[in-house]
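For reference, chains read A, B, C, D and E in written order, and residue numbers begin at 1 within each chain.
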Amino acid sequence: ADLLIAVAANFTDTAGKLVAQFEASSGHRVRASFGSTGKLYAQIRHGAPFEVFMAADSEHPRLLEAEGRGVATTRFTYATGKLVLWSRNADTLADPLAYLTASGPDRVAIGNPKTAPYGIAAMETLAALGLTGPISKRLVRGDSIAQTFQFVATGNADAGFVALAQVRAWQGEPGSLWLVPQELYRPIRQQAILLHKGADNPAARAWLAFLASPPARAIIAKDGYDSGQIAEP
Amino acid sequence: MGPEWQAVWLTLKLAAVTTALLLVIGTPIAWWLARSRHWLRQPVAAVVALPLVLPPTVLGFYLLVVLGPDGLIGQLTEHLGIGLLPFTFEGLVVASVIYSLPFTVQPLQNAFAAINPQLLEVAATLRASPRDRFFSVVIPLARPGFLTAAVLTFAHTVGEFGVVLMIGGNIPGETRVLSVAIYDHVEALEYSQAHWLAAGMLAFSFVVLVSLYSLNSRFGNGVVR
Amino acid sequence: MNTAMGIEARFQCRFEDFALDVTLTLPGTGVTALFGHSGCGKTTLLRCMAGLQPAQGRMVVNGECWQEDDFSLPVHRRPLAYVFQDTGLFPHLSVAQNLHYGYRRIASGARQIDFDQAVRWLGLERLLDRMPQKLSGGERQRVAIARALLTSPRLLLMDEPLSALDDASKQDILPYLERLHDSLSIPVIYVSHATGEVARLADHIVMMAAGKVTAQGPLQETLARTDQPFAGEDDAAVIVKATITGRDDRWHLCLAEFGDRQIWLRDDPRLSPGDPIRLQVLARDVSIALNRHRDQSIQNLLPARVEEIRQGRQPGTAIVRLVSGDTPFLSQLTSRAVEQLALSPGMAVWLQIKSVAIVG
Amino acid sequence: MNTAMGIEARFQCRFEDFALDVTLTLPGTGVTALFGHSGCGKTTLLRCMAGLQPAQGRMVVNGECWQEDDFSLPVHRRPLAYVFQDTGLFPHLSVAQNLHYGYRRIASGARQIDFDQAVRWLGLERLLDRMPQKLSGGERQRVAIARALLTSPRLLLMDEPLSALDDASKQDILPYLERLHDSLSIPVIYVSHATGEVARLADHIVMMAAGKVTAQGPLQETLARTDQPFAGEDDAAVIVKATITGRDDRWHLCLAEFGDRQIWLRDDPRLSPGDPIRLQVLARDVSIALNRHRDQSIQNLLPARVEEIRQGRQPGTAIVRLVSGDTPFLSQLTSRAVEQLALSPGMAVWLQIKSVAIVG
Amino acid sequence: MGPEWQAVWLTLKLAAVTTALLLVIGTPIAWWLARSRHWLRQPVAAVVALPLVLPPTVLGFYLLVVLGPDGLIGQLTEHLGIGLLPFTFEGLVVASVIYSLPFTVQPLQNAFAAINPQLLEVAATLRASPRDRFFSVVIPLARPGFLTAAVLTFAHTVGEFGVVLMIGGNIPGETRVLSVAIYDHVEALEYSQAHWLAAGMLAFSFVVLVSLYSLNSRFGNGVVR
């Protein structure tokens, strides 16, 4: 059967690989609509024909479940994002904390905490380090985590809080990287949920099952996500 | 048809349908705005320009609300058996028409206003009815305005993005137009694909525009006014 | 002509500091000349007649009502043609397309003038493919006239249609307008400042001043009125309707008869014996002698009787009204001549009319 | 006048099926009339002179070179004024603003014509606040003339400036153009179809046909040439320069003398004894008698000698050139009259000239 | 000043500066396009229209590349000591100018083309230099075109979003304009704030547009052409 899924933009690349694998093994056909989590959520609320939603956070799927648009008990974390501070420049992040504390004119990119879950994580990290005030003048905000990455990739920002998955996918010079310790931010649980439109579509359930299957989790892990716990309190 | 070609095809279809519809809808509005002395003239002109002021995603959001199942128009279309417009090609057309309206109306309005009213009087004495005068005098004389309107509308629909993404939902083969496809590539860090698509789009548009303009000035030789 | 024939026009309209208020009854055929100073409302009146200028009033053309009370036929339903003061050619159409514009909007059965004919009459053969921007002023006017004629109108309104034309071009076009007048019997309302043109074409005259009609009537009567200055005294003239009775091929002259009088005029190959003809005799071309002097170049000497002597508008001039047979003539003289010849009403004199001074 | 005075103009340019190729030498003062059929290139020539139409050639105005070889003064640097055939009023400016447009671009020291004066001359007082769309055709022409005059030009180009005006309005404006001519001595090049206007204003004449000059010269000489039809034979005329020598207040006449001849003309209060004056005598107003007949209304009888008799262009007509004293005259007659009077060169005759036929 | 007011102020400033700059830059381009017979005319006209065709975020991405430290212009501006443009107000202005160019040029070009060339000849014979003619004849007669150009440009800059988001970096008080602020609210599900801001923006724009149009037709009474 045909399946229409909504996927958070940061997962575009990985989702493509998963779909290919799934289609080959199951015979179902999957079409994916990419967008920012907030936009996809608004669309689902207003009648979008999506059958599965793969968000970049756990908040939006939880809301959908509470509103009755998602099928209860189908929500699970399909990936856990890992926040990194990345720079194109090889020595910038030799000492990441010193770099963040310094009051240079250079720009640090983060995702917009209003719209991008990785932005929230970045702000939590800065708060945990006690840098919210000093660094605020250096921050530029990308609308999505992809845009944040572009700021750094084009050299307009010296460094930025992006997703590990993005750095993995990056084909340019490796630069320098700081894997932000998990204690500094709440885990970025990217959750999926079966939507009512897809409740009766066997392909939808098959897809969700596939996401939790080892081959899928291998792909997800390879792209830089923790394939994390499956259940969620 | 590969997904990229699907997007190209969808984009051209959307832009062509939108442009055609808007020329049909915009022409009478522009004519009325150019000629009427009604007190509602200025307010209507302002309303026509308003879609420009809202950020596309925001406009898209409100269209989603209005056209969706809880919205007034959404309930109307459902009641009429048309179904809901968002996430369909028809929905994209409706959104693009609203969003691009000023690009059609403004150039036409100016072109109409610039026509010497005496020529319409002359045409009337030569037995041309108001409708006939419109087609035989106004439209040919406003040709540069029509060209500008069509170019701006078409190009803007091709490049338009926020509204389309919101109302269309980026569904491959149905509502994923080229601009969204390029966006997807950029989001997925597939920069080289994005470059190719963008370059192709630019080259194609350039060729189309140059031919259009040349055609216009070829035919336009006589019209100096 | 039945009782419904004729043109009735009554209009009232106003601009900031101008008001038009006219009532006219014009013949249903022939040419009516509209005269008056610049700004007196001639164009405005034509626009009212065409329905281009909204106005209170009434317009009935040969029994068809075009406007009355609340009713007003839209312009494009009025079977009229209008030659505008500033031509109004369509800039996006070639000359040929301009001509066709009105022509193809007429049912082919209703067409009284052939396309090629109009092109020939107005000498447009070489211009058909030209765009209007590339025409000279006179060429534009000719195209505008042809375009109007091609709609085979039942009323023709012409606003100074020949103003940009030299005399020779006018001489080429006027015969066609005359023919139009003779053969199609379309009523024509003709605004012109050129008295020569008017005398040649018009049957009827309307004089306007400041939005009002000051005089109207048949050409002959109106012109022969010594109290009604015809657009400047130097152009005072009478029109004589005559018949061709003979020809002198050797001298290229022909003889025209009116009443029991005869007059020589320049020959015209189109004329043949029996043809009716209109002669314009300018008052300034008529001199008066007490005797018949044959030893001079003036060929036409007619016995006449002085009817009335009036002071001219210019000091030192006089306008004398005379009758030869039944036909009135005007002569413009110096007051000194009137005194020297001791002219007085009733006196018998000889009119001296230069034959070459006779037109048409 | 020094050697540098005068206007030299030589131009070559071509359109698809028209080519202009003229060489002119015109006087540096006075009015030059440009005549010719519609489409013969009059407007094109004026545009070349103004620098509006790119052309090969040379243009020197009273010693100032405006164009030569590769050099061409831009239009706005040429101290000329141009009255366009179709007025070209600025639609976004009121009448007053249109008039001011050129006026305020002239250094106030260089202004030779006062704003109020121009408004008065052309009768625009009531129209100053009006927008051009709300003017009648003649009103628009008057505004265009005033606007041109207000730039105090050193060359005035006028393309049928009075075509939309009735005779009375023309009579009102012509004196001002004459005064301009007399007092400012600006050279004027004047396109007109109205021979009366030209005769009254012009000193010099240029005849054009199909883009070429066919004749040029001083008015008097050019008009008296029997071979050079002056825009149609009916308008053939001579100009006589005369001096006022006396007045007859009773008859409102005045006496003008040229050579040892005298002629009566209509009085004009502006004239006083000793004034130089120009008289136009139309060939058609001159008749010939073998004897002097005093019992007729024609007042001016002059002895003259026949110089030359030519066949007229129209069959049956003749143009006779005569000299009275030193002054040439033309008379248009029928061939029959030539035969009847047995006119031949050298013969002594009497010219009969209607005094009222004299203008100017 | 609260963050929303900052965004409002920044938006107005950006739109005003962009519109003013574009009128200055766009006028000579439009005049050249309307009057020239040069063979480059059509290609240049096409290039002017091209920014329309690209989706805003994509255009923004390329601008980021070109203006950034590796880009040609970026290296130039750094070399000149201006520093890099992205994430500055000046950068936003540059991006908006490029993005809104067609909205200025197209209406002006049509307005210029519609002017009767004879009037320029008349002005020349009345001693007006080419510059003088342009200011005293062309500009007044093209007034409706200037109005349209200004309205489209201003409105489009206000509503413009993708490019601004990309080049601006959403820095409160520096580059966070109103459209971005509304967008943030929508994405963050803060619908009521979004509604308020959007409604205020629409109402304000409506009032401005109606007054502008009324003013234009007041002064425009005389100009029929």
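By our rule, a contact is a pair of C-beta atoms (placed from the backbone, for glycine too) under 8 Å apart; a residue touches a chain by one contact, two chains touch by 3 or more.
In UniProt terms the chains read B, E = Molybdenum transport system permease; C, D = Molybdenum ABC transporter ATP-binding protein.
Just so it is clear, the model here is predicted, and its values are computed rather than measured.
Visitor: If I average the CA coordinates per chain, which chain comes out farthest from chain B?
Guide: The most remote chain is D.
Visitor: Which integer distance in Å separates the CA centroid of chain A from that of chain C?
Guide: Result: the chain centres lie 91 Å from each other.
Visitor: What is the distance in Å between the mean C-alpha positions of chain A and chain E?
Guide: Using C-alpha averages as centres, the distance is 36 Å.
Visitor: Rounded to a whole Å, what is the gap between the Cα centroids of chain B and chain E?
Guide: 19
Visitor: When the centre of a chain is set as the mean of its C-alpha atoms, what distance in Å lies between chain B and chain C?
Guide: Each chain reduced to its C-alpha mean, chain B and chain C end up 57 Å apart.
Visitor: Chain A: which residues touch two or more other chains?
Guide: Correct list: 39, 42, 150.
Visitor: Can you list the chain B residues in contact with two or more other chains?
Guide: Where chain B meets two or more other chains at a single residue, that happens at 57, 61, 186, 224-225.
Visitor: Find every residue in chain C that makes contact with two or more other chains and list them.
Guide: Within chain C, the residues that touch at least two other chains are 86.
Visitor: Let me make sure I understand the interfaces: which chain pairs count as touching?
Guide: Contacting pairs: A-B, A-E, B-C, B-E, C-D, D-E.
Visitor: So in the complex, which bits of chain A are touching chain E?
Guide: Result: residues 36, 38-39, 41-42, 107, 109, 112, 114-115, 139-143, 147, 150-151, 154-157 of chain A touch chain E.
Visitor: Hey, which residues of chain D end up touching chain C in the complex?
Guide: 15-17, 35-39, 42-43, 85-86, 126, 134, 136-139, 142, 159-160, 163-169, 171, 193, 195, 231-232, 234-235, 248, 251-253, 264, 266-267, 284-285, 287-291, 293, 295-299, 314-317, 331-339, 341, 352, 354-357
Visitor: Could you list, by residue number, the parts of chain E that touch chain D in their complex?
Guide: Going through chain E, the ones touching chain D are 118-119, 121-130, 132-133, 136-137, 140-141, 222-225.
Visitor: For chain B, which residues count as touching chain A in their complex?
Guide: 57, 61, 64-65, 68-71, 74, 84, 86-87, 165-166, 169-173, 176, 184, 186-190
Visitor: Can you check the complex and tell me which residues of chain E touch chain B?
Guide: Within the complex, chain E touches chain B at residues 41-43, 45-47, 49-50, 52-59, 61-62, 102-103, 106-107, 109-111, 113-114, 116-117, 144-145, 148, 151-152, 155-156, 158-162, 179-180, 182-183, 186, 194, 198, 201-202, 205-206, 209-210, 213-214, 217, 224-225.
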